[in-house]
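Take this structure first; my questions come after.
Labels for the chains are A, B, C, D and E, by order of writing; each one numbers its residues from 1.
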Amino acid sequence: MIRTALLVAAKDLRIELRSRVLLWQVVPFGVMALLLSGLALGPAHAGSSSAGPGLFYLVTLFVALLMINRSQAIESTPGTRASVATLGLDPAGVFLGKSLALCVELWATGLVLLAGAILVLHTALHGALVALPSIGVTLAAMAAAGTLYGALTAGGDGAATLLPVLTLPAFAPLLIAGERSFSAALHGGALWEWWVILAVALVVYLAIGVLLYGVLEES
Amino acid sequence: MTGDIDVVRLRDAVVLSNGFPLLSGVDLAIPSGSLSVVTGANGAGKTSLLRLLAGLVPLTSGVATVAGIDLAEGDLRQLRRRVGWLGHEGSFYDDLSVRENLVFAARALDRPTGEIGSVVERVGLTHRIDTTTRQLSAGQRRRLGLAWLLLRRPELWLLDEPYASLDDDGRTFFDGLLGDVVAGGATVVVSAHDPLRSAALSPRTILLAGGRVVNDSQ
Amino acid sequence: MMKQLSQRLLGPATLVLLGLTFWLGLWVTPPDRVQGDLVRLLYVHPAIAWVALYVSFGTATIASALYLWRRTRSYVMDRIAYCAMEVSVVFIVLTLITGSIWGRPTWGVWWAWDARLTSTAILGVLALGYLALRRANEDPALRARRSAVFAILSAINVPIIHFSVQWWKTLHQGATVFTSSRTVLVHGSMAWTLLFSFVGFTLLFFWLLRARYRLEVKREASSSAQLDEALASRRSEGTF
Amino acid sequence: MIRTALLVAAKDLRIELRSRVLLWQVVPFGVMALLLSGLALGPAHAGSSSAGPGLFYLVTLFVALLMINRSQAIESTPGTRASVATLGLDPAGVFLGKSLALCVELWATGLVLLAGAILVLHTALHGALVALPSIGVTLAAMAAAGTLYGALTAGGDGAATLLPVLTLPAFAPLLIAGERSFSAALHGGALWEWWVILAVALVVYLAIGVLLYGVLEES
Amino acid sequence: MTGDIDVVRLRDAVVLSNGFPLLSGVDLAIPSGSLSVVTGANGAGKTSLLRLLAGLVPLTSGVATVAGIDLAEGDLRQLRRRVGWLGHEGSFYDDLSVRENLVFAARALDRPTGEIGSVVERVGLTHRIDTTTRQLSAGQRRRLGLAWLLLRRPELWLLDEPYASLDDDGRTFFDGLLGDVVAGGATVVVSAHDPLRSAALSPRTILLAGGRVVNDSQ
C-alpha cells in the first residue's frame, strides 16, 4: 500500500512539475482572488483583520477545488483510465498517493496565500505563525476529502462541475473549524477543541478513503 | 494460470448502456492459448465485447467468466491485473515521456525497470524514448501501447483494432509478436476489419452482428 | 397477512393522524403566552425536521450501508436509499420553509447565520448532490456504490446539525422536545398534539417512500419490457 | 454575423439543456458557495446587509468561471476544433453567439443567486429589484469578457486553470462597478455613474470581441 | 475553383513544434482534380503535412500556397472553408446527435437541411441518426465524418487514414466516393498505410520519411 502510494504521489508531483500548472496558474489565481475578495467586500470589511481568516480559507477552498479537479483530470483521458485500470493498483495506495501529492501542493499554495493575507489583509504575522499547524492539518484533511470526492465524480460527464457541488458541503465543517482556529490564534481563544475536530476529520477521511476508495473506482 | 481450460466463457451475455444493448446475448467459449479474431460491421459490438472481457464495462445479464473470475460477482481488480488491453485510443499519462510511463507501469507491477530499454527497442521507439506522450504520432502511441503490454505480459491479450495506424513494419512486428505470445501459452483476442497477414497464424474468426455472434469459424 | 394489513392501513393511518394533529393544533390547543398563535408551528416544524433528519436521511444512510455490506448487498437497498433521499429532499425543503416562516415573526428575519440553519441548508444541498451524482453515473452497480458512499459521507452532517445548537449556542431553539433528561417540557393537549404530529409525519414519510418505491419498481419493470424489444431490434441489425 | 450568432447560441443552449450541467451542478454550486461565504465570514459580517452585494458578486464570479469553462470545453474536444474550424464560421458571429448563450445562462443563474441573497443575506427585496437592470448589464459584460478570455486560453494545456488567472483581473472593474451600483440601489446613492461605466464596459467588450475574436482563434 | 492549376504548392516547407521539425522541408505540387496518397512510416510526418494543408498548424518557413491562398500571409479562414478535414479522431459536438451535428454544419454553410437525410443514408447511419455522437462506435464516428464532408463538398479533401476503423462495406463505399469526388473535379489527398483497394483508382503515391518527401510516384 505504501509503495503504491509513493509511486502514485511521485507520478502526480512529477506531472505537476512538468506542466507547471500550479506555479503559473493556480497560485496567481489564488492571489488574484484574494485581492478581489478584498475589493468585493469593500475596504470596511476586508481591512478589518477579523475577516482575514475567513477570506483566506474561502480563497484556499476555491484554489483547492481547481487542484482537485486537475488531480482527477490527469487520470481521466479516455485511454489512460483503461490502461491504468489494467495495472490493478491497490486502491488504498492510489488514494493515499493522490492525497499526499495534493496535500503537498496545497501546502505550497497555502503558504503563498498566507503571505498574501498578511500583506493584503493585514493579518498579524505572529498570529499567522501560531495558526500554521492548524492550517496544515486543515489542508491535509481537504486533500484527503478532495481525493475521495474527486474519485466519486470521476469519469461521468461534467465531472468538473459536479465535483464542487459535492465537495463544498463536505468542506464546510473543515472551513468552519479552520477559520475558528485561525481566528483563535489571532485574537486568543481556545485552540484545542478545533485542533481535535480537525485531526478527527483528517483521520476519518483517511480511514474512509483507505477502506472505500476501491468501491468508488469505475468498475 | 487458471484451472479452467476455457479462458473466456460467456453464456447469453448482455451488456446494456443507457438501455441500448451493446451486446445482445453472446455465447462464446475461448480456450486458453488460442488466437481469435473478432470481426463484424461497424457498430456490431466488437469493442464492447473486448471491453466486457477486460472488466471495463459491467455485465447486465447472463453468465460470464474470464480467467476463472465471474464478471458479475468476482474481483474485477484481480481480473484486470491479468488481462492486457490496447484500445482505439491507446493513451497513457500524456505529460510523461515514453520512458516515464513505462517506468510507472513497471514499478506498479513490481517488474525490474531494466527491461524497459529492450522493450522500447522492440517496438521501435528508442529514438522517441524521452518524447512526451502527447507529442507522439498515432502509430507511435500504438507502439507505446504494445510496449506497455510487453512489459505486463498478461495472460489474456485483448487488442482492439491493433493494425489501425501501424505502418507496415509495425504490422509485421505485431504479427510476429502475436505468434510468440500464443506460443508462450497466453490467449489473444483481436478485433480487426482486415484479416491478419501472417500466414503462420491461423486464427479462429468470430463474426459479430447486432451485438451477438452470428458466425464462428471454429 | 399482517404485512398486507399494515400496508393497507398505512395511508388511512397517516391521514387520520395528520388530520388529528391539525385539528388539535389549530383549534383545541391554547395559544402561547409569549408566542401567541405562532406556537402552532410547533406541531409542524419540529416533526417535519425530525423526519427530514433522522427518519428519511437515516433510512437512506442505513440502506446505503446495507448495500455496501457484501452480505446484504442488493438493488432493493439501493432503491430504498434513492427513494428515501428523494423524499428527504422534500422534507428538508419543508423544514427550511416552515422554519423561515417561524423565524420571520420571532427573529425578525427569514434567515440568520445560525449554525443549525446553515447546516440544515447544507444537508439540503447534499441531498441534491446525491441526486445529481446518481444522474451522472449510468452503470447501475457503480452508481449504487458511489451514491451509497456519498450518502454515508453526507450523514456526518446530521449529528453536526443536532449538536450545533449546543456547540455554537445560537439563535435556534434548544432541545425542547427531546431533552437529555427525556422530560417533555410541554404539557397537556400540547403534548398529545406534538406526539401525533411526530407519528403522523413519520407515517407520511413511509407512505411517500412506499409510493415512490413502487413507482421506481414499475419504471424498472417497464424498462425491462422495453429491454426485450431493444434486444430484438439490436439483434436484427446487420442481418439483412 | 447575426445568423451565425443565433446558430451558435442555439447550439450552445441546446447542449446545456441536453446535459443539464447548469441546472444540476452549477446552480447548486452557487447556492452552496453563497452559504459558505456567509459562514466563512461569520455572522457578524455576513448578516450585515452591506456585505450582501459583495458576496453576491463574488459568488456569481466563481459561478461564471465554471460556466465560461464549460462554454469553452464544448468546443475543445480534439476533433471538434478541427472539424468546426473547417466550417469557416464568421468569428464575430461565433463570439456573439457564445456570449449570448453564456449571458442567458448567467442571467438564469443570477436570478437564483439573487433570490438566495435576499433570503439568506437579508438583502432588501426592493433594493434588489432596483438593482436588477444593473445586475443584468454586469452579467452581460461578464459573458462577453468571459467568451473573449475563454478563446484566449482555449486549446492550450491546462486551459481550465489558465482561464481564471486571465479573467479575474478583467472582471475586477466589472465586479467593483456592479457591487457599487448594487449597494447604491440598496442604500441610496448615485446609480447613474455606475450604470454608465457598466454599459461602456459591455459595449467595449462586445466591440473588441467582434473585431478581434478571429485573431484569437487558433490559427 | 482556383485560378491555379496546382491546388497545393509547397517549397521547402518547414513546420516546427516546440523546436522539433514535424516537416523538415517539403517540396510538393498537387494538381487540381487529382488523387494522391501520402504514405510513410509512423512518425514520418503524414498527419503534420495534412494539417498544414488544412491550415490547422502554422508554417514556420518556406513557401506554401493552398487553393491559391498563401499559408504564411493569406486568410486562413477563407482557406479552411474550402478544405475538408477528416482526422484520426473525427469527432464533433459529443452531446449532439448525428442529425443535430449535421444540421449545425448545414446551417453554418447555408446549405438546405433537406440533404441531410440522404447524406446520412449514403454513409449508412440512418438507424443511428438520433444517437448522441458520444455513443457512436469508432467506425460510425468515421462515417459521420464522411457525412460532414459530403454535406460540405469541399474543393480539397484532406483525409487522415480514412480506412482505419471502417469496415469492408465502409471501405468500398469510401473508394467509390473518392472516385466520384475526383471525377467531380475536386482534389483529394489521403494518408494511408494500406494501398487503396479499388482498382479503378490509380493514385499518385507520395512517400514521406523524416518530415520530407523521399519518393513520389509521379
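Keep this in mind: contacts are C-beta pairs under 8 Å (C-beta built on N, C-alpha and C of every residue); 3 or more make two chains touch, one makes a residue touch a chain.
Everything numeric here is computed off the predicted structure, so don't read it as measured data.
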*State which chains count as neighbours of chain C and simultaneously of chain E.*
B, D
*Given the contact rule stated at the top, which pair of chains has the most C-beta pairs in contact?*
A-D
*So which chain is farthest from chain A, going by the mean of the CA atoms in each chain?*
E
*Average the CA atoms of each chain to get its centre, and name the chain whose centre is farthest from that of chain C.*
E
_Rounded Å distance, chain A centre to chain E centre (Cα mean)_ = 46
*Centre to centre, by mean C-alpha position, how many angstrom separate chain D and chain E?*
37
_Two or more other chains touching the same residue: where does that happen in chain E?_
88-89
_Residues of chain C touching at least two other chains_ = 118, 122, 125, 128-129, 132, 138-139, 141-142, 237
*Mark out which residues of chain A touch at least two other chains, giving numbers and ranges.*
19, 157-158, 162, 165, 168-169, 172, 219
*asked:* Under the stated touch criterion, can you name all the chain pairs that qualify?
replied: A-B, A-C, A-D, B-C, B-E, C-D, D-E
*asked:* Which residues of chain B touch chain C once you look at their complex with the stated criterion?
replied: 14, 16-21, 24-25, 40-41, 43-44, 57-58, 209-212, 214
*In the complex, go through chain A and note every residue touching chain C.*
148, 152-153, 155-159, 162, 165-166, 168-170, 172-173, 204, 208, 212, 215-216, 218-219
*Could you please specify the touching residues of chain E with respect to chain D in the complex?*
51, 54-56, 58, 76-78, 80-81, 83-85, 87-96, 100, 104-105, 107-109, 145, 148, 152, 154
_Quick check: in the complex, which residue numbers of chain A touch chain D?_
19, 21, 24-26, 28-29, 32-33, 35-37, 39-42, 44-45, 50-51, 54-55, 57-58, 61-62, 66, 69-70, 73, 157-158, 160-162, 164-165, 168-169, 171-172, 175-176, 179
*List of chain C residues in touch with chain D within their complex*: 100, 109-114, 118, 121-122, 125, 128-129, 131-132, 135
